[in-house]
Amino acid sequence: MKNSFFSRFTPKEPKFFPLLKQLSEVLVSSSAVLVESMNYDRADERDSYYKRIKDLEREGDRLAHRIFDELGTTFITPFDREDIQALASHMDDVIDGINSCAKRISIYKPRPIGESGKELSLLVQQEADCICKAMDELERFRKNPAQLREYCTRLHDIENQADDVYEHFIKRLFEEEKDCIEIIKIKEIMQILEKTTDSAEHVGKVLRTLIVKYA
Amino acid sequence: MKNSFFSRFTPKEPKFFPLLKQLSEVLVSSSAVLVESMNYDRADERDSYYKRIKDLEREGDRLAHRIFDELGTTFITPFDREDIQALASHMDDVIDGINSCAKRISIYKPRPIGESGKELSLLVQQEADCICKAMDELERFRKNPAQLREYCTRLHDIENQADDVYEHFIKRLFEEEKDCIEIIKIKEIMQILEKTTDSAEHVGKVLRTLIVKYA
Amino acid sequence: MKNSFFSRFTPKEPKFFPLLKQLSEVLVSSSAVLVESMNYDRADERDSYYKRIKDLEREGDRLAHRIFDELGTTFITPFDREDIQALASHMDDVIDGINSCAKRISIYKPRPIGESGKELSLLVQQEADCICKAMDELERFRKNPAQLREYCTRLHDIENQADDVYEHFIKRLFEEEKDCIEIIKIKEIMQILEKTTDSAEHVGKVLRTLIVKYA
């Protein structure tokens, strides 16, 4: 874990890019499992999806901490230290959000969540895919930021869509659902999903900062 | 958006002060609309207030991001970079809190919220006014910090008042309201208002740090 | 509060260690009062425990702010500025969490919380003790990090235990409790306790960073 004296001074260490890419791939896997899980409503099915997502969450955690450790021991980094830290920790937040959602579905045992749950988790998956592609741009956006800029716009747009889906859903939930305990359960689950799309947009905001600073 | 080579090195760029002032004015407007909205309980009235607050929230967002972009491209700043960033992002949090509150009133359609909602939003407005006046002190507190110090104290006091109003309200809500769904709705709305007064006090804490560092 | 020109340049000021230690002692006291409070269910008893915890919370707040002020005016610090700041602010978060929990028990007046509440608050107390001992290692872990590393592992393990206690409790709460208002009250209180154990683990994460950077 400790770098030798020399390796600390090797300029522009490229190791952060593959680590960030790997983290984004864990995010993609995790969002794909979440989308798939939305088709299953039996307790044992939900538990088994939660287990898979939890394993991915731990893998993401390990990767994020490796990035933080490298930041603490590397002298020269390709971008400002806090930008790399922010990229890793916001990606980790998205993975955490997916995990929180699956966990609550498994322990709250709500009634089937329906179309809006599927819609929101599909939006999370689209954001994950977009973030993963954006990681490939980190090495080249200084020369041509157009593609990275487009991913930022896309993340912003998806988040707006998620807001609308969520608002519409909650309005209907309060109008139609009369079982107070179901409201508590489902509202919290959907709120977590909506916050997860926010975290994904935060990744986009950091990418936008990088363009402003470096391109 | 990009500064020329020279402008990056112009010392102590004063542009941050007008931007922070503008952001605080958006905050003042937004809190005034919130206070006014508390007098109206019909769904269409609530929706139209939410719309106005949402527009202000977007304006605040644009201003905050302009400040972050300037921070990323300006070499010399009047205070530590992270203090300017914190001022802008905490003001943005207050504006976000006001927006969250109005949004929930519009989509949850709770019963009329009553006097405590008005009281709390008046406190948010007082905090906003105080923050806006404090922004005028940024250029002069190094010589005489007394006025800025007074604003910090006032923000702290208002937040304590808000705590008391909130605690008292929630106690009574659980004693008197028996409709569980109304409890869910109104508790969340009041909780957001109370957190919004916290965010305003965070602005005061950053200002206090500035006095410690620079006065 | 203001340091003289010379004191700002005295290298490796040791004053941060005693301040961090004091803050950890406030945390230990506060967690001990919380554990004791869990044996009492009458409203007046709960109120008096909340009062004691609130006083400790204010003391913690004062200490944390003193640390932040010192950071703003000290030129050379024993570790990176942001690590000291993170240690103080995460300890403060744990103290805040304890206070939030006691406050809600006092104002929500839930039915007796039972064994799981006691279990979770005992875990918070164990974390507090562990953090307090870890503060003694700050001056010596560079030479021998084994002990500090062990405390980090312990904090991580306790947090995992807390997760399990919480999940198990919430599962049973939704299965057994049919009074929706009690669910709202107790779920929120237990959620705050569980988040408090997370904040304690965050202290451990910062300590781990220190080992990576400095040992």
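Labels for the chains are A, B and C, by order of writing; each one numbers its residues from 1.
The rule is simple: a contact is a pair of C-beta atoms (placed from the backbone, for glycine too) under 8 Å apart; a residue touches a chain by one contact, two chains touch by 3 or more.
Every value quoted in this text rests on a predicted model; they were computed, and no experiment measured them.
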For chain A superposed on chain C via Cα atoms, how large is the rotation, as a multiple of 5°?
120
Chain B-chain C contact: same residues or different, taking over half shared as same?
different
How many Å are there between the centre of chain B and the centre of chain C, using C-alpha atoms for each centre?
28
Taking each residue of chain C in turn, which ones touch at least two of the other chains?
180, 184
Can you name the residues of chain B that touch chain A in the complex?
1, 65, 68-69, 72-73, 103, 107-109, 180-181, 184-185
Which of the residues in chain B come into contact with chain C in the complex?
167, 170-171, 174, 180, 183-184, 187, 205, 209, 212-213
